[in-house]
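Next come two complexes built around chain A: one with chain B, the other with chain C.
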Partner chain A sequence: MRTGRVSWVGLRTPVLWLVLLVAMGTLSLYASAYTVIMVANILLYVILTMSWVLFSAPTGYISLATAAFFGVGIYTAAILGEQLPLPLVILTAGLASFCLAALVGALTLRLKGVYFAFFTFGLVELIKHLLLWYEVNVTGVRGRFVVFADNVTIYYVILGILVILLLTSYLIRRSRIGLALQSIGEGEDAAAHIGINVSAVKTIVFALSAVFVGAAGAAMATRWTYVDPYMAFDYLYSFTAVAMAVFGGLGRFEGPILGAVVFAFLRELLITRFPYVYMLVMGSVLVVTILYLPQGLVQLAQMSPWRRSRGNREPA
Partner chain B sequence: MQPIIEVVISGLLVGGLYALIAMGLSLQYGVARVLNVAHGEFIMLGGMTTWALYMAFHINPLLSLVVCGPAAFALGYALHRTVYTRVLASSASPGAFESNSLLASFGLLFIIQNLALIAWGADTRAYSYLAVPVDVAGVLFGANRLLTLGSALVIGVAFYIFLARTRIGKAIRAAAQDPTTAALMGVNINSVLALCFGLGAALAAIAGMLISICYPVTAVMGIHYTVIAMIVVVLGGLGSIPGSFIGGFVLGLIESIVSYFEPALTLAANYLIFALLLLVKPTGIMGR
Partner chain C sequence: MSLLEVEGVTKHFGGLAAVSGVDLRVDEGEVVGLIGPNGAGKTTLFNLLSGALKPNSGAVRFRGEDITGLKPHQICRKGLARTFQSVKVFGGMSVSQNVLVGVVFGDRSRMSAKQTGEEVARLLEFVGLSAVGGVPAKDLTLANQKRVEVARALASKPELLLIDELMAGLNPTEVAQAMDLVAAIGERGTTVLIIEHVMKAIMGICGRIIVFHHGEKIAEGTPQEIATSRTVIEVYLGE
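Right after this comes the complex of A and B.
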């Protein structure tokens, strides 16, 4: 039976999201330039993580291709940045990543489990080395300059990409495609038998998840001004996305967001002065999470006395 | 004729190292079912320790085998007993164990690599040992590289005999085929899996020691060799130890041929072969 209190509980989450959105949307009005840059960096990692989660969490396929899509976005900005306006560059980058992911998805459909992780990891390195060879032997440059865009603009572009990504993830989770993905994760053969076009669903969602990574890559490239294949196709982006998602917890929608925010903030604090310590902490946290917190950071929140005192509500 | 001999022999020289590395990963993945992406970190540890011992005490690199091998074995054994056994117990299905142990080994990769970076820094390290040219069929090769090939062959064959002829080797092969049935037949499965993981780590460290004799080593070299090991393991067939041994030489030869024509494309060629192999014949040369 619905009471006034229950409907408040139901409303609480959307209201919270709205408040958060307004706070983020007006950030440049009240925060310092440094804060805006830092928050943009954190949001970038939320995008990488949530894009990974979109495909890999329900299906159980561990994709290490995030860095490949990110690099494609970066290089799209480097090549087209001078000819096209920023919105078009970002759209093209998303589209380029979409095409690459669709191709990879279509090719690797037969690969199960660990083979898929193998393949996607190799993909990043393959593109990196081919690009390096091409740049050195054909264009004669090792790196490229990217047209500069100001920090506030990039912040809003990143925020926009993130909002669209979160909306997409939310809608997919609630749609028939979301259910199809879930059943692929639980048993691919069974999913095929009940009439799900397993290949099509996997390819489409994989390609869709790449769009946001590519777009974010193009946006971030304008901040770096100079890129080379090693920077753009750095496998650490793939690993980081996976680590952040697992750390946050794959079971709930907010889990990976929380994991990415906490980790990316830690990264901002440590990466310039103590890069090794940051990576060490990241590795240790990943191992500890897998051993002791299989549901991630959100498990801690659920275990807290604050939560328990309000009764054993089933997680949504 | 001369170029062909050169290409073939340098392929074999690299191949020997690849074979050792891949055999280690094959034990860890083929038997213990842990896709250990931190495999290369044990190679790095072997190489860096050998370098450190040589610089500090002028210990003969080959002698540091006595330190690296057992230490890596103990580390690997302990890791399996603490981390992976726990992951195995908490994973609902073999598929879940594969992904969870993969993620745990990512964590290990970061931990080991960054501890090494803190301890030794990111500089490239090298020392000179037996760097005298030797004439092989009219082509000159460094004595250190020939020594590496010889050692890799001896270790590889010894290891194969261990697997094929001893009681423990039989238990390992049984566990590779079917862990549950092996356990029913009285194989202490947890101990065998930990043993495999430890042996894999020891092989990696020994390979690292041999690598440091011929090539410069750094604290970040691990991931490159992990990828090589993965390629060879897939090439030779997952779970097949002779396959990995042969696959190592095959990849070494391919690499040598490609680098004869276009050195800058060697790595790209490796990945391309890997990608094609996964798509066309994921079971590998000797796969079941």
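Right after this comes the complex of A and C.
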């Protein structure tokens, strides 16, 4: 049974995924410390992007709350890092993000289109400034120190979160919930009238997608050692997740993964090698992609000069 | 006890009473027509029955149970399904996926994947869309999209089906086919309440007709009685 508007061609070759997983799983054995850090950073962006895709792609609700959930994860690590072991900190961060998203979802998922996007964007700023106010007026600090964890550990934590996220996404898309999400994206009224509990499905999946972002935030915070509200609740993370997903292409499961990897790698490369033209090149690449590959990078894989991308459909 | 009992249902939009103090009942096995000029409140009544809107006052009972104020998905699962005046198929999904959603979420009996597939095939066969099961719903003609909606609604195994203008915008051949479809639904044992502007159709398939005007029920009777009623003629043709 195919439930997605996406095709599952990529997952018909599970061997490829297995090889990839083994290569990633043993990375620290053969790669330099710098490579491990860089790959962890790229995987972080894959997590942010795929979490966004999990909810926003099928439903069409554009969430800009990624940075809020990420920041909640970061601050969970900053507050609990000294008291709890790392796995517990990460679990707590995921849970805290889940609760925030469930609350926000229950309150706001009736907002549609641009209103939902604006609200979620406002949420990031709201939490940032509330936190800033609290830190200055109550705790009397502006930033906090985070307990350090070594880079290899963080790499494997990030990889673990990503694997669980990808499995979750895959299973959801094949399940009843995936079918419900897609129906909601196609027409919410009709979905409700054929027996789908629209608010419950939206809230649960939105909250679930936030778990991974929060967990990733807690993991990454340990690498930064110092965080303040401006760093933690940086709305660029929200926009980056959306940009990477669209850049890669929402039509296929692999699209946003590819988008996040290429985007993050390109950024890393440009910042380190060509810092003066970094923004210029990044912007040009984005513009050219959207102009010539409106379906994202995955379109490259489908392109062949003699074949139309639209299949021959029988007229109804 | 009637299958559907509506008592004194009223709905205001601002100062306008879209539906005011409407009483009506539909018995099991009936095919009832709901007619009236544009803006008479017919679709608003459907929205009140299906849970899309909550009435300001009055009660809706289905199989004797008060369903006033329930959410659309709850009402659907109780066995009251609907189609929409402006077609709301899931355009990007295939025709069979549209119906599949109805079977998976609307039907209260849990089915195996195999049974689900058979049920989808059976429904497509019933509405005559077996040949286009794999086609995206948005690529179908209007007449066929309306059939997708009917199949999707029937997938929830409703006891009462509300059909909102199945025939608007269809050509004469398609209207005749749509009439056959409604008759077949009635013969299956599903009770039908249908809004329709195509008089020939409604007179031909309904056992009883209810007439709405300015949010109120102004007449009710057999097609014969309605066709000769002075009030109805005045409403439709003016004095």
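Side notes on the structure shown:
Following the convention adopted for this analysis, the second predicted complex is superposed on the first by the 269 of 316 C-alpha atoms of A that agree within 3 Å, B and C clash if a C-alpha of one lies under 4 Å from a C-alpha of the other, contacts with A are read in each partner's own complex, and residues count from 1 in each chain.
As a convention for this text, contacts are C-beta pairs under 8 Å (C-beta built on N, C-alpha and C of every residue); 3 or more make two chains touch, one makes a residue touch a chain.
Note that the structure is a prediction, hence the values are computed from the model and not measured.
Residue contacts after overlaying the shared chain place A:Val277 against chain B, while chain C stays out of touching range. Once the two complexes are overlaid on the shared chain, A:Glu82 sits clear of chain B and of chain C alike.
Between chain B and chain C, the partner in contact with more residues of chain A is B.
With both structures placed on the common chain, the touch criterion links A:Leu126 to chain B but leaves chain C unconnected. In the superposed model, A:Ile194 lies in contact with chain C only, and not with chain B. By the document's definition of touching, of the two partners only chain C reaches A:Ser183; chain B does not. Within the complex, the chain A residues that touch chain C are 1, 3, 5, 176, 179-180, 182-183, 186-187, 189-198, 313-316.
Within the complex, the chain B residues that touch chain A are 35, 83, 86-87, 90, 95-96, 98-100, 102-104, 106-111, 113-115, 117-118, 223, 227, 230-231, 234, 262, 264-265, 267-268, 271-272, 274-275, 278-279, 282. Contacts from chain A toward chain B in the complex involve residues 60, 62, 107-108, 110-111, 113-115, 117-119, 121-123, 125-126, 129-130, 132-133, 136-137, 235, 239, 242-243, 246, 276-277, 279-280, 282-287, 290-291, 294. Interface of chain C with chain A (complex): residues 50-52, 71-73, 76-77, 81-82, 84, 88-93, 97, 100-102, 104-107, 113, 117, 132, 135-136, 139-141, 144, 152-153, 155-156.
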